[in-house]
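Worksheet for the structure shown next.
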Amino acid sequence: MLGRALADYEKDMTRCARCSLCKWPPLAQVKSIRFSQVCPAISRYNFHAYSGGGKMIVGLSKLKGRVDYSEEMLNVIYRCSVCGACDISCKYSRDLEPLEVLHTLRATCVRDGVAPLPAHRPILDSMRNYDNVWMQPRKKRGSWARKLEVKDAAEQPVDTLYFVGCTYALRPELSGVARTTVRVLQDAGVDVGILGEEELCCGSPAYTIGDEELFVENARRNIEMLNSLGVRRVVASCAGCYGVLKTKYPLVAPANFQVLNVTELLAELIEQGRLVFTNPIGRSVTYHDPCHLGRQSETRKEWNGTERKVLNHLVIQDPPKEFNRGTYGVYEAPRRVLAALPGVELTEMERIREYSFCCGSGGGAKSAFPEFALATARERVEEAENTGAELVATACPWCESNISEGIADAGSRLECASLIELVAKGLGGDVS
Amino acid sequence: MELEGLSKAVSSGSVETRPEILEGYGAGNGGGNAAPAAVAFPQDAVEVRSVVAWANDRKVKLIPVSSGRPHAGSNPRGEGFVAVDLSRMNRVVRKERRNRVAIIEPGVTFDQLQAELSKVGLRAMTPLVPRSGKSVLAAYLDRTPTLVPRAQWDLSDPLLCTEVVMGSGELFRTGCAAGPGTLEEQWATGQAQKNPMGPSAFDFFRLVQGSRGSMGIVTWASFKCELLPRAHELLMVAAESLEPLAEVVYQVARARLGEECLLLDGNALEALTGSDGGPSYALLLGVAGFDYRPDQRVSYQRKGIERIVQGEGLRLSRSLCRTGGRRILELLSTPADVSWKDSAGSHLDVYFLTTLDRAPSLLRAMRAGAASAGFDPYSIAVYVQPQVGGRVAHLEATLMFSPDDRPAAEAAAAAAAAAAAENGAYFSRPAGGPPDIAYRDRPLLVRTLRRAKKVFDPEGVLNPDALFSREVV
Amino acid sequence: MTTTTGTPILRDEVYAELAGIVGEENATREPAILDTYAFQYIAEIVVGDSYMGRPGVVVLPGSAEEVQAIVRLCNREGLKYKAVSTGWGAYGAAPEDGLVQLDLRRMNRIVEIDTRNMYAVVEPYVVGTTLQAEAMKVGLNTHIVGAGANTSVLASATSVMGQGTTGVSTGFSNRNLLGFEWVMPDGELLRVGSFEDSGEWFTGDGPGPSLRGLIRGFAGAFGGLGVFTKCAVKLYPWYGPARLELRGVSPDYDLDIPENHAAYIIDFPGWEEMKDFGNMVGEAEIAFSMCHNAPAPAIASMTDSNLSFYELWKGGLFANMKHTLEVVITARDAEEFAYQEGVLRDIEKRCRGREIVSSHYDLHYFADLVLGLARGMRKAGLRTTARSALPILRFVLEALRKGRTPDAFAKTLYLALVKQNLQARGIFRFGGSFWTSMGALTSWDCCIENAKEGERIKRSWIEKGVLMDDGAENAWGGLYESGCYGHLEELAVYDQSDPVCKEGGIGFVVDTVKATIEKHLAFSLNAVGDPMHAAYSPHVFYYHRHLAGIKEEFDPGALSDATFYIDREGTEEFIRALEAGEEIDMRL
């Protein structure tokens, strides 16, 4: 939700039972003590305040004037990848909104002028000044596709717009994924185009850091532009872009296009027989669910109703509210793609799908608290290693990048790759 | 000692000072105890309280006795003390089929109890061949192992609630028997004194149990009864060594099969049955059916056990020492006037707790210890009693000897106990080994026990030397 | 010097010393963090506010040695301290500000699982779910308390209570405690039981008296007697797979009930039949789990939101189906299963029970289902039945549409009873919080008398608008140790954000306390803290004097926070007031 104040969540925060369920996956899914935690922040910093429920209490204390901002309090609020795992575990049982409280806490910090943190300011400034998060000039945004023959969606009509995102577009080590994505889609006969230099940042970092004003501005510009293109669908291969386009944009303005993640499109193409794999991969693989492709990819519906009590104190919402419980995240599509690849043996990690353990990169954690982000990645790497797999596949540049750093830091022999790269390999093409 | 007050505390004629009577309260099992200056025979809790109040007033030490024989070496040293003999408090206060529970006073014996319980379809858990006249409560209060590990949820079982006079003289009840309400009022709401915990945030009964009368004097207690089997048989397995039998016990325990479950060596079996030809070791496993489908229960349990036994390359025996299962089953729980251990005239026990997997090595260590003291290690009788569902093993080595050989046997028992202690034996009941063996090098534990005693017996009137010597650490 | 809420600020040099013990990053005085230890479940009933006192400092020790050093420092400085494991509930805090809070979260190892001798040695932050996950891999299981699998195994075993729905086969936490490591109130470290001699933790009793009796009873000291840093607990055989594989996505998990396992809800004509059934099944030793969940939490557990619960509930049919027991059987093999289920059904027949939920379909089940529902309808009346029918039908159709089979209820029930994962859904979701009452550990017959009385009292508080109308009958509990004893506590749901509940809730508690005393319904689980001790102790052999004796002997400076344990003077002051006929405030 946007534009909310902590006061809007006072009852949610007060009704936290401090049960700590937000620290574990839904309990019936706990498979070992080693990988029993689901929240990166509490796993690393241990004080209860770092858990989802802990942050609900911090929010309540702030609202009630019991505490005031301090560096340590901001640490509590921002040493968090806003991965939403706490939200899933809580909502397995409860009708509360811990993730919205986390977001609103950050938005409140920004409104009150104590955030963004110094480490986040350059990113947001870059979004304002360059429409990307990487402090690169606008015109460099299209250079990843310089040698590609691909339609410019701003110039000619296309069925499918590939929304590349800042990271695939501007990080040379990752932009091969973007090129591969275009080639694969073209091979499958998809009428795909890109926006090149015209593409704007999706605004996700501003949202997660709590700068709602900047996010709304970005979102509005994007929605306007995308609506004007007349495309049937927008496909993103960055989970961050996908998540925000799909779930947050509807809170800003209506869109006239469908939002898909590339894994969904790939799965569809495979099922239609438009992608046929000939080249065996020959690797044992495990799959990391990106938070914004998985549990956080359910469209948030604006709900402006009121709470009503029946049977004296049974709390219900009027009109009925649909809680996002992670049920309808994109979990199957990437697995269907992997299952279709010859010579891929998929072994699941213990924490997957809606209760997947975050890579540690999101929510501004990577830029402000790199040590925390790396520790989180290493935790995930260890879990991946525990499956015996040789390769971690994922579908998000942030995850791929951070997990790769985790692998390097751990001296692990694992590899991390984007799902699309495996698809390209299965098709017999070269990667990038 | 001035005994007028004591005489007033108990009903007339209930104080004994005749030397020949007093002597019986000193010798104990193996002697070594000083005799008391008097023996008081209270009739009820009120009289027990009066005796304790008198003792507090006069700073006289008391030793509670249920069935007439204090443990060796446990009596106070060097000063006048009084024995409180509870054998005249021998009522079965209540026996109840619905809740499988009975309440008894300390003087109730196993012989007496079983006759009463069987009338309502129940039975009490017994130690291996209880002594005739043995107080049931004394056995339970000493955490004496009983024969059915499956029925034992806690090492404290089958003991449940107690009424107890603390060393301070205060009357107290433990577990849910404490109230609110009298026993009669509790019964009226369907209560049955079966929760041993509390009241509130302490389990005084756990401090009383195992304290050998040094924390309080129990005036009645409730305990878990088991259903009287409708079908009951004993399965027997012989083996050359303990290890495979221990393995069978582990698997049987894991499968929650069987009732009686114990291991005996040939010496013990021969002494028990009075026949020779015993195997090296044998496992005795009772199988029973109760009120619901008894035959089906026996059948599936028997099959389950047979599979386990066969899996270990063993087989069931029809008889041991030329004695059939039915007879052995009867022998196990039936009180006996003469202990099977006294077949040579006299005996000494060394016993402690361990786990089943460590029992064989501890046994070897004990045998070596006894041998080093010149005792034939292979004449030692061995009894292993799995407890608490198989998680704990009571290991008991019995040195049987002619009364003339006592000094040598004592030295051998001490050597065996020391060897066991060195190898990790846990003397949870201090009487299982020589004095202080359980408390050596445990100053904090001893201090903690002394502090705990001080809370409930500030004047230290109850059996102050029962657990360890004053110089232990 | 104080903070904005009046919290005394710890002296800098003492703070530095504490931080030196645990490491800088494991100590904090940040108010925002401290508040997350003050905000506690049921604080609004205990102290009338969502926050208990704010600690002066929180430290995260990583070892028993660090705990010892902290406790010694507290003794030297005269600082009050309190340790928490998962720290759930007001009992983890104190009403006043400023204590040294030890959060034992970093001590989270399963030190050992002794597979053969069936016990585990755990540190404080090992919870039911993690111990169970590891134990099941080796064919064992652990007793998980009713609060849920998210609670500390050690805290329950050493310091709190220990009721749980599988108690009929997995006992009670007090009874499952074996050896333990105890940082005593003065900072000495004592390992109680077999460990010092044998190197193994298989028993906590002896030598001689069992010091288990000193540290806890029915209840524990709730942090009032030092800190427990390690303990061994009994494990129990588990005849299921090493891991229960779930299908689906939250909040709707599905699974296959393992072979020779089964789950049932059995409905009885009335309380008396429920008494008989509980006693008989208990002694027959055929159940893995046998417990009572009232209709409201049972329906809540099966639904994914308050709204979907309300849709099903408002017709009124379910509220009338309250004489039920939930049973799970977990047999090792087909033969044992045949025996156990055979006995179950023999007893069902004798007690006129009907399986209204069952994990297998046979004629017996369908016949029972129809008859059980008919009985429910008869109790509820025609109009209620008619009103209820449509939402129930809609719910069933929706479940079928999602691919759930008719045994979906049984599967959810099985999962909930084995994994203990649905407490928050079953009780917290309604209004946000709940209080409990009655709940003595006593004979099953008396437990049901507790349930009846609890329902009666609660109805009046529902009528006053203080509690949620959950049908009034909301007893939860079961049997323990093959039916040796049981417990049924009356749960009362409220909204902690609503002043009506905050102010009125304590009245319900007081009424139930009085009833258990006046009607001799045994020692309530609410008998914790000085006002409650004052109410009970004069009727229970003045037990508080002895409890206080332990506290004073071992913690003469009263530094280990005893808010939920005992303070002699405080208790006696309340007793004097009660004896003078005054009403006392049961809040702390």
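We just call them A, B and C in the order they show up, numbering each chain from 1.
The rule is short, and it goes like this: contacts are C-beta pairs under 8 Å (C-beta built on N, C-alpha and C of every residue); 3 or more make two chains touch, one makes a residue touch a chain.
Being a predicted model, the structure only gives us computed values, none of them experimental.
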Innermost chain, taking as reference the mean of every protein Cα atom displayed: C
Farthest chain relative to chain A (centres taken as mean CA coordinates): B
For chain A paired with chain B, centre-to-centre distance based on mean C-alpha positions, whole Å: 65
Centre-to-centre distance between chain C and chain B (centres being mean Cα positions), rounded to whole Å: 34
Whole-Å gap separating chain A and chain C, where each centre is the average of the chain's CA atoms: 37
Chain B-facing residues of chain C, complex: 114, 116-119, 139, 171-172, 174-175, 178, 184, 188, 190, 192-194, 196-200, 202-203, 205-222, 224, 234, 237, 275, 279-280, 283-285, 332-333, 335-336, 338-339, 342-343, 346-347, 440-443, 445-446, 448-449, 481-482, 484-485, 516-517, 519-523, 527-528, 533, 536, 539-541, 543-544, 546-547, 549-550, 553-554, 565-566
Touch list for chain C against partner chain A, complex: 4-5, 25-26, 28, 30-33, 35-37, 39-41, 50-51, 58, 60, 86-89, 103, 105-106, 108, 110, 126-127, 129-131, 133-134, 148-150, 243-244, 246, 249-253, 304-307, 309-310, 313-314, 415, 419-425, 428-433, 462, 465-470, 493-498, 501
Touching residues on chain B, where the partner in the complex is chain C: 98-100, 143, 153-156, 160, 166, 170-173, 176, 178-181, 185-186, 188-192, 194-195, 197-212, 214-215, 224, 227, 250, 253-256, 290-293, 296-297, 300, 303-304, 353-358, 388-392, 421, 424-430, 438-439, 442, 444-445, 448-449, 451-452, 454-456, 467-468
In the complex with chain C, residue positions of chain A that touch it: 10-11, 14-21, 23-24, 26-33, 36, 45-49, 54, 57-58, 60-62, 65-68, 70, 72-73, 76, 88, 91-95, 309-317, 320-321, 323, 325-329, 331, 353-355
